[in-house]
Amino acid sequence: MATNRFHDDASDVDGLYADLAAADLQPLWLQPGLLTRTPGRLAPHIWRWKTLRDLAERSGDLVGIDRGGDRRVLSLAHPDLGGLPFATHTLWGAVQFLGAGELAPAHRHTPGALRFVLEGSGVWTLVNGDPIHMARGDLVLTPSWTWHEHHNPGTDPMIWFDGLDLPLVRNLDAVFFEPGGEELSSYQPDLASQSEHGYASAGLLPSTDEPVGVGDPAPGRASRLLAYRWPAVDAALSRLIASTGHREASVRYTDPATGRDIMPTLRAEMHRVLAGHRTQPTRTVGSALWVAYRGSGATVIDGRRFRWTAGDMFVTPSWAAVDHQATDDADLFLLSDGPALEALGLARRQETQKQEVREDGLCGW
Amino acid sequence: MATNRFHDDASDVDGLYADLAAADLQPLWLQPGLLTRTPGRLAPHIWRWKTLRDLAERSGDLVGIDRGGDRRVLSLAHPDLGGLPFATHTLWGAVQFLGAGELAPAHRHTPGALRFVLEGSGVWTLVNGDPIHMARGDLVLTPSWTWHEHHNPGTDPMIWFDGLDLPLVRNLDAVFFEPGGEELSSYQPDLASQSEHGYASAGLLPSTDEPVGVGDPAPGRASRLLAYRWPAVDAALSRLIASTGHREASVRYTDPATGRDIMPTLRAEMHRVLAGHRTQPTRTVGSALWVAYRGSGATVIDGRRFRWTAGDMFVTPSWAAVDHQATDDADLFLLSDGPALEALGLARRQETQKQEVREDGLCGW
Amino acid sequence: MATNRFHDDASDVDGLYADLAAADLQPLWLQPGLLTRTPGRLAPHIWRWKTLRDLAERSGDLVGIDRGGDRRVLSLAHPDLGGLPFATHTLWGAVQFLGAGELAPAHRHTPGALRFVLEGSGVWTLVNGDPIHMARGDLVLTPSWTWHEHHNPGTDPMIWFDGLDLPLVRNLDAVFFEPGGEELSSYQPDLASQSEHGYASAGLLPSTDEPVGVGDPAPGRASRLLAYRWPAVDAALSRLIASTGHREASVRYTDPATGRDIMPTLRAEMHRVLAGHRTQPTRTVGSALWVAYRGSGATVIDGRRFRWTAGDMFVTPSWAAVDHQATDDADLFLLSDGPALEALGLARRQETQKQEVREDGLCGW
Amino acid sequence: MATNRFHDDASDVDGLYADLAAADLQPLWLQPGLLTRTPGRLAPHIWRWKTLRDLAERSGDLVGIDRGGDRRVLSLAHPDLGGLPFATHTLWGAVQFLGAGELAPAHRHTPGALRFVLEGSGVWTLVNGDPIHMARGDLVLTPSWTWHEHHNPGTDPMIWFDGLDLPLVRNLDAVFFEPGGEELSSYQPDLASQSEHGYASAGLLPSTDEPVGVGDPAPGRASRLLAYRWPAVDAALSRLIASTGHREASVRYTDPATGRDIMPTLRAEMHRVLAGHRTQPTRTVGSALWVAYRGSGATVIDGRRFRWTAGDMFVTPSWAAVDHQATDDADLFLLSDGPALEALGLARRQETQKQEVREDGLCGW
């Protein structure tokens, strides 16, 4: 049995507590919530495309791109995070709106970013000078500490989803930022970037030691392939479904030179669920942000059902039971902090029973 | 030049901002402090051994060990962290007091912990059932998800420094906790633990695939050697100084089966600085907590000088310039989040110029 | 100075040498050639396509496929290897001829093999049951210990180049062989194999832990992608040349799940040299076998020039200076033991001066 | 069924075979022994200490050390290897004799070597200038491409076992050799080498990036610890036996900075078997050379029993079933090519049934 030797002299104890506070010390025994049985610091949350799109467009009308870090970004602010502009403890999610003719000058930062295009085409993102064309469904990477700028030479706006590891990097107190010059770069438009010329052939790598295309942004630390095209992702999912005969499939975006995740902190995947199919509920340590790219359906998170259609974005918290059900054939883009959890020895995953739906999340919908 | 297209119609903009807030969105351009030029979210801070020891002893008198997670722990609460009981964004530091005859029953949790003994001897910590003797200067590990309990069968109290990755693990929402049974384990006292029988011979590993001693707590994730004895550390530092002829030396506590840090999240080192020597100032991304184990001296942190003697504990924040100067021959125990920063591709290190001392930190001292 | 204490009493020494021999011992001092200043145990050697093709066809007419391990294989036998059927100390090279309608039943062995198709199309190789279509220019893998059988249901013969690590594996005394049953497998012809359904999308991997398609032949040990199509290789080389502006380019065939070589023992690459260009001479530790796939030119090996046209095969020995010159645009397939040398810490590479041509190799040509 | 289309026109076939031979080609179907069901190219073999010691001493009397690569080495020449001075296809084993006052000047080579001392003490081996004291039972490494020289300033000869990967490196055609100058190095005798000052503390590594002591011989490729002392090995084995309660134990000599084998090609272990105990028979791919260091007993190899006493050396071939039985408490030093087999994906291991002894090997003994 544990020792029991508690003295109930309240005044002594009060004095002790006052002295502890004065000395910047806290007694663990007054912090009962620190070590929880399981994770679960956030609730699930959903943002609707209708709202996101409307507010992005209004921001485009009202706010010049020269404000706010030169980027017109609406960040998902989880209501459980006390006013911080973060989707989860580790993930930043946002909608970025770049109007016709707008240009966002170069900067770089240690948080890594990815862009998943939701609307528009014909924008160019330069990553360390390599011009990358953007169209709907493409995933474009701007890894940690790479220079990046955005050019919209066309006549239509573009809206993309921004995913970053900024909350994690900030919590590690590892944020560096450097603005570029005011002058924008000129570039030769080529529908395939230099990085794709070098790394977009499955199983074939340049047999030289020098990186091809973009100067290696962060050696060994992020994918050398900086653009993943929607038609290739679509075809890969179709082939997997045809080949396995399953009603679902998913692909992970990876560094073709290592097979590892696109960044040491971020995982990106595309999940396809065919109409009528419901996936196996699973719990995973680490948080995730999902963007419904195509189709409609619902996701059950710890017994609460969240219905979604294309463009909606939602958080699945750490260790929540999660399954997806598709009404129409659906594609869900996933952003998670999985690689960080794995690198730090904290990853766990568990398949669970089919979930009962106890309530509808955000029931007003 | 970046596009400049700001509309100054205040009422429209106010309406937009209100609608954004209602939709759990935040405009990036109103968050100027998110991307800082360099890290630096915390100030340095120091806690004095005189205070720590005094309050630990008073807690021993007044508060039974059955309170507060069955552990009598005073945690270092950095004043910049808004009341959280954390030393830095990622590191937990604390003083734990185990009185004569006291017993702390078993539990386990995903945050990994280490104990560095500051006072006393003759305590036993059981890690997954392996009894580890503790004496002043010893480092004892209780890695992630290992059962651990503490027994003080002697007549003197013990005080040790507790270091954990709890703030980091909590921020990743990866905390699991499980209490053990109420019954304490019995054990055969042996001054060398099973883990030392298997792994305490330099360059010699059991040539079987089965781990020796303690059941592998978290395969490949933490050191299989669970105790590092002060006499061995002392001798290693002396040999390095004799061998290099330098006035300083440091050793890293590592997993003898891999040469890697003791845990994927935590680095532990012992730094020896001979009397009169001052080390080269260095900036490192990631935060650290130092415990002066022996001797006295001062550490200059971004131009502020903090004097210390044995038992004092202080934080060096991310990217601060840090150098140490010894008055007497001194040994400084270091706890840092270095392995996490490295695994996530965020590590940077820079040697800087000799620092001018602009002011004394905590000058009342 | 080294000690000099040699006794010249011949009879004693003769007696010693006789006793040593009787005891299965040899004095090192009578083995002067063991430790050479540099590698160089083999001369370069070339085999002509005209001869290879003619003899393969005659073998097809005269020798049934049921002879000789059920494979009609003509192996390159380097004249410096004392009658062994090996191209180098570590590499097996051969021409295999599979006549119209012929079938080669399943077997498996620890030496890993690859097939590079030189003539014909419409053959199917089943690897652990996964049917892989073969056409000119394709590279098909049958990794270590995978079941493989060949079917030629068409009306034309196929000739391919066989590359194996058999000499290396044999020298390590690690050869295992197992014949399959007499019955041939039936299969569903699909121009893309199961392995390609899973792994032929650059930077996109199935996000499940289970391998897709073929049961994992040798986990982590060989590429999961088993077929590399010529049109993809051709396009990748064209893109690299367009992108870099160089007159040469090369790609390495790699495991898309790791970016590593196709097998732990074997490297495969395709080198393109444009007409008139001559590459930089290089020395590499380890031996290589080259197959001219397209075009014509010459390779200078330690000052000897070997001219080649499509189908010719030649050995470049360890540490020889090697450069290629193309007469027409040329593609050279490379097979080497590079990964083995690297894994064992023995790899070295050195660029050298432009070589003078001292003589023509095999000058009768 | 495999196709059967053999034409029995002998003259055509004979002509074909003649033309193949003239073209340096060999038909696989005339090479039936290439792909064996299991490994087994060598028989076991044993060399007796009595003979080895006697011949080493006679060589010391008769042959100056200036002969034969400046080393007085008697190499184990397996009778199945056609006169090559090799113990197995991959391993070199030898006895080296260094007389009182003798000096062997520096050289270096890519084959890696180790020395296990069988008799004598007080010799110094300099590895890249680091003087390493040698005494009975010590293991001293001279990794690939490190300068090494031997000094015997004492009055007694020393005999040690030499183990090298020379046959393997030679077969890979990767041998480089460089003689040093004629002048011998001077040195400060210190019973612990610089490498031990830096790396001989279990679980404690210098926390600097610069290697301590000897300039890094082959970065990441060989152990930074160059000497393993017998008393430490003896103690580690005793602790393992005490801790596990088994009648046998073994330790692997490893790089303390990585936990990996001492060299990428060579494994060294010490196996202790207590009197009366017989180990479990095991088959392993790869060959091994054992040196009985202490005690006596017998090893059964594929049913043949080989008795041994201290100093005897014997080969266990690839995939042979092997078990040891100790008459007295015995220590067996093992040298194998295990790391090479593992790196190349060819390792296999299997426990087998208790072996019947069918015959005594070298029965004259």
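Note that the chains take the letters A, B, C and D in the order they are written out, and that residue 1 is the start of every chain.
Here, a residue touches a chain if its C-beta (ideal position, glycine included) is under 8 Å from a C-beta of that chain, and two chains touch if they have at least 3 such contacts.
Everything numeric here is computed off the predicted structure, so don't read it as measured data.
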Seminar exercise, completed: With centres defined as the mean of Cα atoms, the chain at greatest distance from chain D is chain A
Exercise. Distance-wise, how many Å sit between the C-alpha centres of chain A and chain B, to the nearest whole number?
Worked result: 30
Problem set entry | Distance from chain D to chain A - Cα centre to Cα centre, in angstrom | 53
Problem set entry | Mean-CA-position distance for chain D and chain B (Å) | 43
Exercise. Residues of chain D that touch two or more other chains: which are they?
Worked result: none
For this session: Between the chains shown, work out who touches whom and classify the graph as line, ring, star, complete or other.
Result: ring
For this session: Write out all the pairs of touching chains, ordered by chain label.
Result: A-B, A-C, B-D, C-D
For this session: Note which residues of chain B are touching chain D in the complex, please.
Result: 192, 194, 197-208, 212-213, 223, 225, 228, 232-233, 235-236, 239-240, 242-244, 249-259, 269, 271
Exercise. Can you name the residues of chain C that touch chain D in the complex?
Worked result: 1-7, 9, 12-13, 16, 19-20, 23-32, 34-42, 45, 47, 51-52, 55, 58-59, 61-79, 85, 88-90, 94, 99, 101-105, 109-111, 144, 166, 168-178, 182-184, 218, 221-222, 263-265, 285-287, 317-319, 337, 340-341, 343-346, 348
